[in-house]
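To start, the structure under review is shown below, and the notes come after it.
Per-chain residue numbering starts at 1, and chain names A, B, C, D and E are given in the order in which the chains are listed.
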Amino acid sequence: MLINCVAYQAGRKLADIQPQEIRGYLTRPECFVWMALKDPSETELMEMEAEFELHALAIEDARHGHQRPKIEEYDDDLFVVVHTLEFVGKEIVVGEVDIFVGRNYVLSVRTHAEKGFKEVRARCEREPELLRHGSGYVLYALMDALVDQYFPILDALETEFEALEEKIFAGSVLGRENIAALYALKQKLTTLKHAAGPLLEATGKLYGGRVPATCHGLGEYFRDVYDHLTRINQSIDALRELVVTAISVHAALATMQQGETTKRLAAGAALVAVPTMIAGVYGMNFRHMPELDWVYGYPFVFMLMVVLDAFIFWRFRKANWL
Amino acid sequence: MLINCVAYQAGRKLADIQPQEIRGYLTRPECFVWMALKDPSETELMEMEAEFELHALAIEDARHGHQRPKIEEYDDDLFVVVHTLEFVGKEIVVGEVDIFVGRNYVLSVRTHAEKGFKEVRARCEREPELLRHGSGYVLYALMDALVDQYFPILDALETEFEALEEKIFAGSVLGRENIAALYALKQKLTTLKHAAGPLLEATGKLYGGRVPATCHGLGEYFRDVYDHLTRINQSIDALRELVVTAISVHAALATMQQGETTKRLAAGAALVAVPTMIAGVYGMNFRHMPELDWVYGYPFVFMLMVVLDAFIFWRFRKANWL
Amino acid sequence: MLINCVAYQAGRKLADIQPQEIRGYLTRPECFVWMALKDPSETELMEMEAEFELHALAIEDARHGHQRPKIEEYDDDLFVVVHTLEFVGKEIVVGEVDIFVGRNYVLSVRTHAEKGFKEVRARCEREPELLRHGSGYVLYALMDALVDQYFPILDALETEFEALEEKIFAGSVLGRENIAALYALKQKLTTLKHAAGPLLEATGKLYGGRVPATCHGLGEYFRDVYDHLTRINQSIDALRELVVTAISVHAALATMQQGETTKRLAAGAALVAVPTMIAGVYGMNFRHMPELDWVYGYPFVFMLMVVLDAFIFWRFRKANWL
Amino acid sequence: MLINCVAYQAGRKLADIQPQEIRGYLTRPECFVWMALKDPSETELMEMEAEFELHALAIEDARHGHQRPKIEEYDDDLFVVVHTLEFVGKEIVVGEVDIFVGRNYVLSVRTHAEKGFKEVRARCEREPELLRHGSGYVLYALMDALVDQYFPILDALETEFEALEEKIFAGSVLGRENIAALYALKQKLTTLKHAAGPLLEATGKLYGGRVPATCHGLGEYFRDVYDHLTRINQSIDALRELVVTAISVHAALATMQQGETTKRLAAGAALVAVPTMIAGVYGMNFRHMPELDWVYGYPFVFMLMVVLDAFIFWRFRKANWL
Amino acid sequence: MLINCVAYQAGRKLADIQPQEIRGYLTRPECFVWMALKDPSETELMEMEAEFELHALAIEDARHGHQRPKIEEYDDDLFVVVHTLEFVGKEIVVGEVDIFVGRNYVLSVRTHAEKGFKEVRARCEREPELLRHGSGYVLYALMDALVDQYFPILDALETEFEALEEKIFAGSVLGRENIAALYALKQKLTTLKHAAGPLLEATGKLYGGRVPATCHGLGEYFRDVYDHLTRINQSIDALRELVVTAISVHAALATMQQGETTKRLAAGAALVAVPTMIAGVYGMNFRHMPELDWVYGYPFVFMLMVVLDAFIFWRFRKANWL
């Protein structure tokens, strides 16, 4: 589905144009076309392949989808794949934006992603002195917007983790659902890592040494994107490590809790078993058991039981078993 | 066993030829021979060594088999080893394809692998403008087909893992067979990693900087293979890490379950032991036990037992031990 | 909030100046302005951006805060982000110092950090022969002071860890609070690592090969900072590893302690259950039980119980179960 | 002990010579001397040092032994240390072969190693066209033979591991000896790794870029050795990881088994305790217990016990506790 | 404290000299001064700083102490920090040797280290042809001696570990002190690693590519030190991994032992509980219990108990629970 298609010259919007007009604008000097597609049909993709003379392998990747994030050079053109991450309920939905960038065009193809680039376009049009840099600047603006979408995801996961942490250490009872939640969190972090990790590596090639032609003079901008990605990746790694530690800590706490259960079981058993044993003794049917005939035999034995239990209770309480 | 042997010129098939005719075609300009063997005999390999002037060390590797995946250069010729993976039941069978590539020939030797390259050949013959690139393109087509066979294997393992995950978290009972299944899965992933890992590294040398002569001008194609391998390797690593986490999570859950068992044991024991103790007391044979003579002694004690058990039950239920 | 703003020439203080005077001093030869802000307002930052012609991306980072430590070059200017760590009670508070350095100015912007740079300024003014190096030397002095603030933090964490170690190995009872404390310690170490790790990497670029213009001739000084950071990072890594080991060791000890509890439970149960069984036997109501009629039946059985328990006690004690 | 000492010229054996004749042959063109020592005495080593003008540090290493595998260059000469591994019973015995290689000599010094190089020499002499390459080819032949001795060791360890795996997963009882065996296996793998790991790294310098003079023109041969070492190292690493996983899996299985034991204990206890409790009730000595006087009281209560136990049995069996 | 101060020329000792004479000897050609200090006072260090014109940052490091091992270049001079490790009882005491090396002087400053360099000096003076290399050779001799002191430490730790291993696998009882000992061993290994790890990295810069002027022509000697350090580091890493594995193996064994304890507890409970239950049944007070009146009722029931217990014992023994 065509979202919009605009021609720019010297940083300023020329006109909203039709796909069939593209070719005309591509040849004008200092002019570039910025086109946005959403969940495009086979036919639309093939039209674009012809219009912008895209490389067959790149367009094939866009058609298949489910690419890992990457930045590939085809001669002077760039093919960029970025994952979009959106929360739907508590689940993360992974979408994909494929960006084709040439000297005089930018084509973004968005699939399975709700959020579009209206604001990016608006911001670019508000700053004509920057947009004058051409298609490379649009690529920066798109990547910057896409990468910044990872921060709220990361924040949400960090908040989720902190809530879990509190539950583990504060709560007196360790539930199995904690483990399941930690495990689910780890998987979400993996999803985020798969989006941000390969992109970090790829973005590193857009500034510094040899840089693709379209990105010339924008080194500081792409370094900024790179810096954001570094921050995200570092936070992911730290959080992942904490999750793993939390799982093992949880296991350690569970072992200790079981130990406490066993101690209580032992203490409780002693409290019941000792009087039972004494009662058993005086339940024996020997003819000659002097105590049985004593008037105060029964109260005495009863008191004995109580005293013993009190002693046992005191001992176990002192040893912290009860 | 000879599968087929075809001579190509300028991207088009010339003729099915006999092994003894090879030498004649090798000298023609822009012509190359593409030959396929399956589980070849010692003699066949020696014939090919002579026919194509293959390097002794390469042919020795092909004869021994069980090589790790690799791409070796012998002057201008390439020797490529790729593992094939095929499911037989629930087990993965590892086969091997050895590919010898020179300026004017491609020889593929397939061992322990069911699936052949009929479709690769057909696709190549359908695209003469690409096949015109020569033997290097055939190498690309073969590698592309071989690498793409790893994806269904990976998918199957991912599906298997998800089923296991569900069993672990949903099921109320943790079986030992889960652990065994996770362990078996980890081994299959190792098999897949051994196929895809070294190949990734080797393929990285077929594009970019210094590239073997036969692969000139095909950089973007081999980068595509490289990209697929990166994706596969990344997925394998992620899945392997998840399997390890799942094993430790399983152990943590088992520990917790055992804790619950102990708690129930303790609660159940209390329910039985307390009435037993009381009964013991009134089973004592003291002559002077006033309660024994009461008319309602028995019902009273019986009710006492019931009330105590109800209290115990309520307490343990509240503490979530029952 | 403006802390102070001083102009220096040839290593000596010229005058305390007002922000609006800055521009005049920036053009003087061998002269530089060193300005310090604390938790600056939006307006102050924008004034400084104009005054020193700072890069928009750098000033944006300073405005947002929560940057990871880094050193970025904008043409000949440097933008440095360093974390400050301060103990407030037992918690570590992370602040941030952003330092903008150009040929003829140093601007430090401190946020959420109590401790200022009065002493750094004093030290610099005491050593005019070194301050003559210009703004680069001020950068060194600031970084040196900031990095040296990590050492007491690290020492405090090491002391905390040693106290925990003692508790784990010496104490006979393993408490859950140990685990929680180890976990909290690990998190503090992560905070410290996040401050020191990226800075190490960034500082490595300030000496040796290609070095930013402002740092020329100060290689040995920045290497000294780098060396301190290496030491800190190494200590953090070692301590983190020890914390992880301590958690697993704690779990191992807890498992062993539980084993001991079970053994004691078993031994205690045996001591009570055996006499109970014997008493049960002589509580049977068979008409023909010769022992019951013996005069010494009861003392004999009583002694039997005592002897058996003594034997059981001895056996379990020997096996170290009691 | 001198094993043998032979002079070769142009790939062909000239003569078995005496140590004192060496000097004469070293000066002949295209001639080299190949000498083999076994567990040499101090004197023999000093003689050789003088004869071949070996470097003092290299000869000192050979004298001390217990070197890690390495390849060192002393000007144009090479000093190579390779570990030999031999099974003696179930233990691996580590020996050492030190090889000194110069333009016109090869000296191998074997210590604590049973197996010699008779077959290597025989193979070399059978292929004069290869031996014509000179001392470098002898080095290749020796290293190839030594590295190939690691394969059967690796195979034996893999077989041992598979047997252990079967025991762990098939056997219903987990023995402590499994853990001990896994641990011992891990140590043997470490021994193997210490032999193969450093050698891999060192061999990588014998082909490709800058290569020692003696190895010129033999790149493909040394790459073959390197390839074998890569295969071995990869297998070792994979196996080591599996062993570690197996240990943790074993622990997980043991925890589960203990859980099952506890469940059975609980179920068994219930089966015995409930009838005991009922019996206790009817063992009370209340004067007014109507059931006691019923004619069918006893059979009824007995049936009650049986029915309750049947019910308990059924419940626990259903819950898989029995 | 001044240990000694000697001037050398062309490899031979000229004279023991006084600190104030140093300056005179430093200007002589081919002459260098080798001075050794132990736990020097502030004043001594400042004197040396003036005498040898040492860099302020280096001397500051020496004054503070507690540096990590490193080799720093200050123009043509080297500043080397090496840790000394000495056993005092079972604890490792870390000392420090700071070595300042220039073209014509060597100054070693030893703190917290018992063992001095008398033997190193003696060895150097015995080999004038090597000492002729100048101050660089002295540096090598000192480093060689210092590094070789790590071997006995490592051997002691390996011996300690082997003793622990035996205790874990042979002993039938697992004590908590094993865990504590393993943990202490790990810490000692960390101490050793902190001494040997950074030094390895630093020493690697003293041979091969660009080398400090003072070390020219000594490449093979420093490579030898590097090789020793590689060996030590490799052994430390291997041992550390083994210790970690041993801890987890210990935990696994403890879990299994606990399982065995539970099994025995269950078996023992059954042996006692079943006769108790039977006794309970015949302790019931039903009027109509025919067995009670039988003459052989009691012996029969007694035999029944014995037979049942024998059966239970046999079953549990067969199942390996007893």
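Following the convention adopted for this analysis, a residue touches a chain if its C-beta (ideal position, glycine included) is under 8 Å from a C-beta of that chain, and two chains touch if they have at least 3 such contacts.
Keep in mind that what you see is a predicted model, and the values were worked out from it rather than measured.
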| item | value |
| --- | --- |
| Partner chains that chain C and chain D have in common | E |
| Self-contact between copies chain C and chain E, residue sets same or different by half | different |
| Distance between chain centroids, defined by C-alpha means - chain B, chain D (Å) | 25 |
| Chain A and chain D: spacing of chain centres that average the CA atoms, whole Å | 40 |
| Of all residues in chain D, the ones touching two or more other chains | 248, 251, 255, 257-258, 262, 265, 269, 273, 276, 280, 283-285, 289 |
| Contact graph of the chains (line, ring, star, complete, other) | ring |
| Ring of chains, enumerated from chain B in the sense that reaches chain D first | B, D, E, C, A |
| Chain E contact footprint on chain C (complex, rising order) | 169, 220-221, 223-224, 227, 230-231, 234, 238, 241-242, 245-246, 248-249, 251-253, 255-259, 262-263, 265-266, 269-270, 273-274, 276-277, 280-281, 283-289, 320 |
| Sites on chain B touched by chain D in the complex | 55, 57, 67-68, 70, 72, 74, 173-174, 176, 179-180, 182-183, 186-187, 190, 194, 198, 244, 247-248, 250-251, 254-255, 257-258, 261-262, 264-265, 268-269, 272-273, 275-276, 279-280, 282-285, 289, 291-298, 301-302, 305 |
